[in-house]
Each structure stands twice: as structure tokens, then as C-alpha cells.
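Below are two complexes that have chain A in common, paired first with chain B and then with chain C.
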Partner chain A sequence: MSTLYPRLPANAAKERYIEIRDKGAVDLARLSDTSHLGQYFAATGGVRAAQDRLAWLRSQVVDLAARHGFPGRPLGRSVHEFDTTLARLLHADMNLVPAEAAVRPMWAFLAAVLLPDVTVWRFPQPPEDRLLATDITRHVFGRLWWRAELLRDDVRIDNPYHLLDVFPERNFDQILARRRSIGGSPELIRSLAKEWPKDWTGTNETEALRDVLKILMRRGAFQDLFGLPETLLRPEIARTILDVRHARTRAHADGVDEVSIGRYVRR
Partner chain B sequence: MKQARWYSQPFPPAGSISAEGIKRTLGKPPIPWPAILIRESAQNSWDARVGGRPVGFTINLSVVPPQNANAWRTLLLEGAPHSDKFPLRQILRGREWHSTIVRTLTVSDRGTKGLGGPTRADIARGDEPRDWVSFVLNVGDPPDTKRGGGTYGYGKSILYQMSRAGTILVHTRTPTPAGLQNRLIGICLGESMEIAGENGELRPYTGRHWWGDAEKAHVEPLVGVDAEMAAKALGLQPFDADESGTDVIIVEPDLGDQSDDEAVRYLADAIAWNLWPILLEQRGTERMVPRVWHNGLSVPVPIPEKTRGLKTFVAAYRRLQEGDEAQTLLCGNPKKQLGRIALERQLIPVFEPPAAAQDLGITSAPHHVCLMRAPELVVKYHAGPEPISANLAYAGVFKALDDMDRTYAAAEPPTHDDWVFTQLEGLERTFVRTTFTRIKERLAEFARPAEVRSNAARAPLGAVSNFLGSLVAAATGTGAASALAPQMAPGGVGAERGRAEPQGNDVAPATSTAIGSERSERSGRERVSIRLDGDPYFEDSEIGLLLVQDALVVGNGHLVVQGTAGIMVADGSREQEPPDGFDEPVVLGWRYGTGERQGDELDLSDATAGQRVALVVQPVPDTITQMDISVLRAEGKIPHGS
Partner chain C sequence: MSLPDWDYQTRLRLRRRLAIDPAVCREAVGLGPDTALAISVRWNAVPSLLRGSAIWLPLRDDVHDYVIDVDIAGERLGGVVSLETLVVLAAPADPRPGTAHLVGSNLWSESTEIRLQGDAPLFPIALVPFSESSLPHRGAWFLEIGSDLHATALGAIQLLINQEHPSIVAAVGRAGSPNDIDRAVLSMLRTDITRTMLERALADEAFGMSEDFGKDSLGTVLQGLMRFYMSSHLDDGLVELRRIRENDLPLFATLVQGATELLAAEE
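And now, the complex of A and B:
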């Protein structure tokens, strides 16, 4: 049975956001709470998270943040490591189903009520969507849970989250930006992460990923990439990556030659 | 219970044909044996249909169940000649194939009348059916089934040739005056031989053997309860109480180099590609329902209406049935109607037809005419000119008129897979030869590129911008293609294709009063616009494969149109920017009349109704190209005097 988390209605969330956005992490520790007057739960679909469970989740996250300098020191260079570890933690411990994880008020509660101090420590003076999850792919916690969800590799029982390290955040954002098409397929994203080369010396990795995604978008128009099993998908993706590498190192094709517009050749 | 035993036919003093001679009647067919097996046996089953219900036609490759293996050895070797020219003995004893497992290939039909009539050949029969005698005893009986597919029944020798033992079992249930009767007999077509008789004297035998209720000089089948019990002991499929039909069991079939899995797959494909006209669902009860089994598992038979390549033929066949653009082919001298033909063009992705279709000559996208006679069985796929693009398939169906049926039948070789006019004489020869000439002429006309398609819809499209988005898979893509071109408006010219008509006639402006209100209404408005004509199509050109969209000017005046092309991506939108170093489709330009213009814009200062233009785009392989034509400027001509 999955766990249901409290949800914070939009108005209350907005109020809360205005209250905390300019404050520092140290001040906000006092404001954190395991419940809110306006909170509500989904009527059905799981077990409601009790306050002690929320407190436990908070302590887990705070402990992790503390190892990276919370609350006094800014995060600095270990951003990527903190994010991937937190993604693992949230995905492994929250016991969420995707349907619940797609609910914005749930993430708003987490960021604005349960962990406001960690939120502003991670994103000082955060823009609205980092807290309110108006766009979950930008939410301070929601985006991490989804990244773990999409990259979790159940084949590797010892370390199912090993793929989290492959893409830096801004690159993974490109995948999420296309979530209506290829971003919606965990199989595809996992295969992409597994085939993604480590070494991109001489090539802009971000642009290369953008191009690979574009080609997959082209292919997806007539080929059902979602339906392929991983064993068939991976060679396809490896080939696409190779194509992009060659194309990027190749000089750009010359413009269209000034030729006639072609006449039907009779046989 | 009667004890069934083998009877070997001795040469009579007056001489007889030997088993080898019978086997040779089929000649050396150009198509493989499994395909002939399907064609011949399906033809027999089809001719034997009772009517009022579909004919069930089943192929079953299986093994003799272990619990019946002993019965096979004891029952089926009783009285068998001791000679190495009778291989059934070795096969059943497991000596020849080092295995006691005996495979069987059963060809069954239900909803058929079974093999009826007398069971000995020397009884005069008059008009009575004589299926038993024709199938089991005689060779080369002239046909009696009215408008039947078979001619002389040489085809059945394929059944013996398919068996490594040269042996088949025939199990049939047929109506007799005393009700339905089961009959069971074994037949072997081996090699002629000499065997010592009881008194030690050598005697020559023809190599034909029968297993059943052996009498003095012929063999009666086991009938009734005897047949039922023997069939049960041998593990043969029993008949339901009220059904008639025939099972032919080929003992230890020789399927060539193929594995059994490949062989049944081939048989299933061969059923679809050879029998599709009689499999169509639209026929209702007057059709054949095929099934293929392999060791108890069902092997799907391709459905003609849904099978790539074949469905193009089905579409042509429907046109022929409905008279939609079907033509009657004529012989000029002497004047004679030969048959009717209908053609269908379809854009299909590149595909490789199954082996069973390749053996019939269809090795790429179809560009063939399927020849058939009254029984509507495929005689042959007659190849026409190659289409202009690998994606553009066309298919035709030619069906001989009923009164010409005998002529075409006479032109068929024993395997019924061709019409050979050289084996005819006189007028008949002329008719068949002319048929091929006429088909060739018709195809030359049809296979030409798309200018041929000139009919116009009457409905002007009012919108300033016509959405002409048409989707086709580009060049070497493996995906499916779909064309989303607007359909012809109702009230279009329809069946009469303007092959010889001057262009523009169809959409002539107000001067024509032939078509009444719709037309005069449009001339009053004098709007000028553009309307696409047909689906986009591929074209081979000296600069590679091109995608062309034909369009027609509607109305008169000054018209400026712009064509765009882009790639459709997974979420249905158009790609904004191509990946670095990858191509995107390019609008090369426009063709109009005799001229052409490069670039995406076409400015026709004096566009006239019915004028043809074509947008030419260079597509990118492995993508879906989306083409749009929009009107940038449209000024109708100011009517004179106003």
C-alpha cells in the first residue's frame, strides 16, 4: 500500500510562500511543521502519512543536508551529489506511486510546510515554482523524485539508482521538457542513460543530448519506441548517439545546391 | 470386422500406365510443391462445396500419436508387398528415418460433399457423381463439375509426390441413398516392380496399390462401422454425425529443406496468396475458411484484407465486383468480350513479401495483375511495368467472362498456374494472346505518373489557407505511411476519368452550363484558391527521391501560394530546428504547366481554374514529412463590366 501525504491548497501554499521566500534557512527551522491547518488528503489510494512518519522523513532530509553544510554553509560545489543522494532518499523512502507524485499540492506541503528551511537553503530566494510545484519538473523535491522514478533500474538490485549520476541536472531537464513524448517512457530514458558515453571531450554534451533527443523525436513519429523491450531499444539508441557524434564532428552540410527541381526519370 | 489389406495392381495383358507415368503428368511445375498442394487441394475442396455454409479448409501437420503407432504398423502393413519399392514398410518400421515417429500432413475439408458415387470404375454412371472413382481410381478423368476449377485431375498426383512413402489415406464422409457413409482407403503411388507370386512366378506390377477391402481385381473402401473402427484405431479425426467432407492424410510428408515450422508458415502464406479471392469475408457463406495447425498449435493464416501487398489486390477485386472503374477488355478482330479488369494504386512502405508470395513472382511492392476464371482462384500474378517508386504499388484483377471460361481453362497447364496461348489453336489462341496485349496496354496507361488522375471536386474550399498537411513516410523509412489528404467532395466527377479530356474541362468557369447550380454559384463569387489533387507521391528524379503534391487552381485571378515542408515529431508537432548536422526537408520549388519555379513561393498573376501546379519537396530519409500549402494572396478577377 502506498503512502498518501498531506496536501496544501493553492491559497495556503501561496501565503506560506510569501512568508518564507526571503527568510534564511536558520530562521525557517522554527517554521517547519508536520501539519498545516489547511491540509487535506486524497480520499483513497493508500495509507495516510502520520505525523511521526513525516517527522522521520524530515530528519532524514535534514541529516543529509547537514552533511552538505546545512543550515549555515551554502551548498556550493556538491550540488549534484546532494541532489542525486536526495533523489535516492526521496524515491526509496517516500513510498509514493506516480499518480500521487503528480499532485502539486502534495509537493507544496513538503516544500513549504515540512521542509521550508532545506528548500531555501537549496534555492535561496526561490522562485514560486520551486516551492509550489506549478511545474513539478522544477520543484525542489518533486523533480528529484521523478528523476529517480524515470532512471530507477530494477535490474541492478544492489544499486537501482546508479543511473542518477549520468546526466547533470540541466541535461536531464531537456529530457523532462519533452515529457509528453519521449520523456514519458522510463524504458527509453533508462536505455539512454545506460548507453550515454562518459567521455564527451571535444563535444558539447548538452547539445549532443539535445540532438539525440531530436532524432528520437523524429523516429518516434513513426516508430513506437515505447513498445520496444530494452534489449532492442539499447542498440537503437547507441546507434543514434553514434550518428549524432559523427554528425557533430562533421562539417555542416553545404547549403542546398542550386539545381533544378528535378524531373521524373523515365525508366 | 473386415480385415483391410493392400492390393497391388498387376499389369493387365492389354497394358496400363505405370505409377511413374502418372507422377509425370504434372510436369515440372514452376512453383514449389507445397504451393501446388494448396492450390490443387483447395480447388478440389472448393469444387465440392455443398453451399449455404462456408467451406472449412484445414491443413494439419502432426505426428501419429504413440498410442496409435502400433495400429499403423499392424493395420497398414497387412498384405504390403515385400519390396524396397514400397517404402511405407521401412518408414513405419522406423528403419529408413531412424525414428518410429511418423509425421502426417492432413488436408481436410468440411462443408463439402465428400467423395461419393460408385466405388468401382467399371460401372456406367450416367449423370451420377463419380468423385470417388475420379479421385481414388482413375487418372485423367475429364471434368464434370460445372464451372469447376479442375480440368483433368492430374493435380492429385501432388499428394503422392509429397509423401516419402508415396502413400495417402483418404477418409471421407459422403451422402448416399442410405444416408451419410464413411469411407476409408489407403492409396500408394510407388514404382512399377516385379514380385514373385504364391507359385514363385515373377509378375510385373504397375506400382499402384490400394489398402482396403481387397477383392479379386480391385479394392473397395472400408465403409460404415469398419471405416469408423479403423479410423479410430489409426487415430484419424472422426466426422461429426451430420457433417460430410474429406480428409486426405499424407504419410511422412517431404517438405524439402525447410524445417517443419517454416513449412507450415509457408503453407499458411500460400493459402492467403493463392486462395485470397475465395477467402474474403464479404462473400458471406460462399467462402472458404482456412486453418493451419502444427502439432496442435494454430498457425495464423494471413487475412487478405489486412495483409500488406495482398490488400491492394483485394481493393482491386472490390472495384471489379462493384464495377467501380472496371473495364471490359475487348478483342477487336474477331469482336469478342474477353474479361473485365480493375486496377488499384496504393502507397505502401517498402516491404519484403513472404516466400510463398515470392514464389508466385511477387518479390517487391506488387505491380501485378491477378488472373482468374469463374471459380475465382488465382491462376497467376502477371507482372506489369515496375512502378515509379518502390512505395507505389498497384494491383489489378482480371477475370475472364463466363462464356470465355473454357477457352482460358484450355490454355492452362496441368498445374493451372498460367495461360499459355501457344497450346491453343485458331480463335482461342487469338483471344488469349490478345488478353495479354490488352492488359499490357491498360497497365501502361495506368502505371504512368499521376497526371492521369484528373477529376475535380465541386466544393471550393473557402478557407484562406488550405490545410494540406499530408503525411507520408519518407524515402527508406520502415514506418507506416498514412495520407491525410482531403477526400473528394461528394458530387465529384466520379467514375469517368478524364484520360483523353483536355485539362481544365472539368472545372471550366461559368461558360459551361452543363453542371448546373453548383458551378454558377462559384462563378458568381470568383474566388481564387488552390486545392490539392490526390495524395502526395514519391518520384525518382535525377537528384534523388522527391515528394510531390499535385494541386489545382480553383477560380480565376491573381494567386500567390507558399509551400512549406517540415518533419513531424513524436508528439505530432513540427520540428522547429533540425539536429546539428542533420538534414531537414527542403521545398525545392513548384512545377506549373511547362515551367518550374525554385523556392517556396509561387506567384501566378493570371491563375485560371483547373490550372495544375505541383509542390516538389526533397524529403529526409527515416522521417515523416509534413507538407503545407497556404494561400498568401488571392484576388479574384473583377467580372467584366462591373
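And now, the complex of A and C:
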């Protein structure tokens, strides 16, 4: 049975945010807690996370952060490694189901009550959405859990999170920003990650991903990309990536910024 | 359609019938006679924003009537779920002007919405094995009530049902359509919960009927319970009820039995 986490009501979360936003990680360790007076839970659907479980989760995250310099030293170049390891940890250890992970006050509790020190260490002087999860795709922890959820590959029992390293954060943000369309389909995102080339020498990878996502979204209007079995979906995505790559290479050779993309488009 | 009692543990099992003549369908959309078609059922949910495939069923020319069963794990859903049934190309076709050729091309579709988690208030409840807890292993249920009357009620109250107690598990599972035994068990459960909550309130010196504990707080919920079940004993505030509870506990238990209509015959 899944675990239900405490939820922090919006007004309490806002008060907490004002209290902690300008403080440092060292000061905030004292403010961390495993419960809050205003907290509540989903009525049904799982077993509530007891305080010792929350304390254990906190210790796991704090230990990981400490290996990357927490609380005194900023993250620096190990941001990607920290984020992907934390994504794996949260997704594997929280026993959280997607429907519960879509609940913003749950993430607000985690960032503002359980782990305020790690939150401000990862994002010093954080804007509201990093703490309050007004946009989960920007939340300090929520965005990582969702990244792991969308990329988890159960076929690889030995390493189900192997796809986490495929996209750097700024690129994966493009996918998360399209959660209402193609970014909400784990099957599509996993196929994209599996087909994504490792080597993008000579081509801007971020722009190429933007083009691929744009085409797939356009295709989604008349093509059932969300229903295709993986054996049919992956060749479609592989061809789209190839089309974009060729179009970008041609555009680069022609010295133009705009690219014409499409399997049947010829310049 | 609405399922107000839904929670994350509830699987969504749906069935629909579809009649289709593949040959007529191909002709109507200008496809060749050998073009492979499939039925695709896909879903998307708000607020998790997840989407996925529920079934992909290749069509056969000699079968015109299909019964389609889909089974979606509740943990991925929540809020409003849209289900779309499509007839699509099951393989790429030769490109011809004005006709579909990409695999998954949508030839026909129909969608329906199901609202999960309606407005029905749910009592916080969880199934747990008592043998793995500190509770008496052979107990049937345990009502957890927090100590702070100002705390949010949904965070302060939870009914734990012993997963290893077949009678109570069966009765709770069939609460929507109980048999005679279930009805008796649920009646006892309701009376016991009510008595435990009322006693909790009366035993707390900080609890009073005119105190303001705040919206949705445990104290406010207990006040409501007291008014609903004990209205005829509140003329002098809580003095009479506190006296009965302290001096004559059996009478108090019977008062609650009457107020909650323990084992009353259904009209």
C-alpha cells in the first residue's frame, strides 16, 4: 500500500516560506520538523507516513546533500549528479503514487517543514514555486520525483533509473513544461530518452530537443502517439529525431536560422 | 460519470462494446484493402497530468463486434479521467495525397470523462496489519486521535482497520452494499468511533462548546459531533455529560448506543 504524506495548507506554507526564504541552511536545520500543526492527510488511499519514517527520509536526503557539501559549501559543478541521485532516492524510497505526487501541499510540507535547510542550500533565496509547488515542475523535490517517474524503465530491473542521465536539467525542463501534452506520457518520454543520441557534436542539443518536441506535439493532433505500443512508437521517434538532425545540419550548411522539418518536406 | 468514493487503491475497470466493419472503414477513408487497423484506448488524468495507453487491439476483418475491457491502476489517476477510444492505422501505409499513412493515424475517435474523488466527505481510514504494529494483534480497529484540538481534523484523526481481521475488512470493503452481518459490524464500528471521539472531547479540559478552535480543526469537528449526537444533553454546556462520563461510564456508553442507533433495524 502506498504512503500518504502530510500536506501543508497554503496559508501555513506561505507563512513558512516568508520565515525561511532569506535564511541559510545552517540556521534552518533547527526549523526542520516531522510535523506541523496545520498538516492534514488524504482521507484514504494509503498508510500515513509516521514521524519516524519522515525522520528517516530526512536523514537520507541530508546524508546525500552532505556528500555534496551541505550545509556549508554550495553545490557547484555536481548539481546534475546531486539532482539525479536525489531523484532516484525520492522515487525509490518515498513509496509515493503519481496521484498523490500531483498534490502541491504535500511537496510544500516536504520543502518547508521537513527539509527547509536542504531546500535553501539547493536553491538559495528560493522563489515561491521552489518551495510551495505552485508549479510542481519547478519544485525543489517534486520536479525530481516526476523526472524519475517519467523516465523509470522497469524493463531494466538491474537499473530502472538508467535514463535519468540522458537529458541535462535544462533540457528535461522543456519536457516537463509540456506535461499537459506529450510530457505527461511516461511511455513517450522513455522512448524519446532511449532513442536520444549521445553525441550531438556540431548541433545544438537543446534546440534539437525543442524541435523534436514541437513536431511530436503537432503530430499528436492526428496521430495516436500516446497509445502506440513501444515497438511502433520508438521507430517513429527515432525517425523524427533523425529528421530534425538532418534539417538542422542542412540549415547550418545553408547559413539559415530557421529549419524546415518533416519527413516529406524537401527544400 | 462520477465515482465519489474512489481512492488511489481503487482500480478502474471499464468495458465498452464497439461494432466496426474494417473493410467499410478503410474504404470510407480512402485506404487500401490490406491496411492494418487497430482499436486504441488511451486515458489522461487531471491533476496528475499523466496519460497512457489502456489497450491496443489489432482489428480482424472477420470480426465486427468487439468487447473492450480496460483496467487502469488507480494510483496513476485522480480528479478527472478522460478515456478516448480510437480507430487508428496499425502500421505505416504508403503515403498518398489526402489519406492517412503514419502509424497511429487517428481515423475515428470518441471520448468520455469520469470524475473521480467527488465531493463525498471521506472518513480518514487505512488498512494496516496490526501484527506489524504496536496495537493488539487481534483487535479489529483503532481510532487515532491527536492531542491538539487546534490541529487540522484530517491530520489528527485516522481510523486504522486491522488488515488481518477478516470480518471487519469484509464489512468495510462492502460498506456500499453490505449484507446483514456487515451491517451489524459497521453499526458497531460507527458507535464505537463516536463514543471514542466524544469521550476524547469530554476528557479534555481545554474542550468547550463555545471555544473557537478554527475552521476544519479537530476541536470544531468534535463540537459538531457533540451537537449532532448529544444535543438533548447540552442545556448546561458539558456539565451533565462530563458528570455521566466520570460517574457512570456504562450509562454514557448506552447513551451513545441510543444516539447512534446501534444495531437498529433498517426501515
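Throughout what follows, the second predicted complex is superposed on the first by the 251 of 267 C-alpha atoms of A that agree within 3 Å, B and C clash if a C-alpha of one lies under 4 Å from a C-alpha of the other, contacts with A are read in each partner's own complex, and residues count from 1 in each chain.
What we mean here is this: a contact is a pair of C-beta atoms (placed from the backbone, for glycine too) under 8 Å apart; a residue touches a chain by one contact, two chains touch by 3 or more.
Because the structure is predicted, anything quoted here is derived from the model rather than measured.
After superposition on the shared chain, which partner residues are touched by A:R248: those of chain B (first), chain C (second), both, or neither?
first
Does chain B (first) or chain C (second) touch A:G227, or do both, or does neither?
second
Does chain B (first) or chain C (second) touch A:R77, or do both, or does neither?
After superposition on chain A, A:R77 lies in contact with neither partner.
Could you say whether A:G38 touches chain B, chain C, both of them, or neither, answering first, second, both or neither?
second
Where does A:E207 make contact in the superposed view: on chain B (first), on chain C (second), on both, or on neither?
first
Let me test your reading of the model: by the given contact rule, A:R219 touches which partner, first (chain B), second (chain C), both or neither?
A:R219 sits against chain B and chain C alike.
So, does A:K198 touch the first partner chain B, the second partner chain C, both, or neither?
In the superposition, A:K198 touches no partner, neither chain B nor chain C.
Check whether A:P186 is in contact with chain B, with chain C, with both or with neither, and answer first, second, both or neither.
second
Considering only the touch criterion stated at the top, classify A:R170 as touching first (chain B), second (chain C), both, or neither.
Neither: A:R170 stays clear of chain B and chain C.
Show which residues of chain A both chain B and chain C reach, each in its own complex.
Touching chain B in the first complex and chain C in the second, residues 180, 219, 222-223, 225, 264 of chain A appear in both lists.
Going by the contact rule at the top, pick out the chain A residues touching chain B in the complex.
Touching chain B from chain A are residues 178, 180-182, 207, 210-212, 214-223, 225, 244, 246-248, 250, 252-253, 256, 258-265, 267.
Can you list the chain B residues touching chain A in their complex?
Against chain A, chain B makes touches at 385-386, 388, 449, 473, 477-480, 539-544, 546, 567-572, 575, 577-583, 586, 588-591, 596, 598, 616, 618, 622-624.
Under the definition above, what is the set of chain C residues touching chain A in their complex?
Against chain A, the touching part of chain C is residues 7-9, 40-42, 44-45, 47-53, 56, 74-78, 86, 88, 91, 95, 100, 102-106, 121-128, 148, 150-155, 158, 216.
Taking the complex as given, what residues does chain A use to touch chain C?
Where chain A meets chain C, its residues are 1-2, 4, 6-7, 9, 37-48, 97-103, 179-180, 183-187, 219, 222-229, 232, 236, 264.
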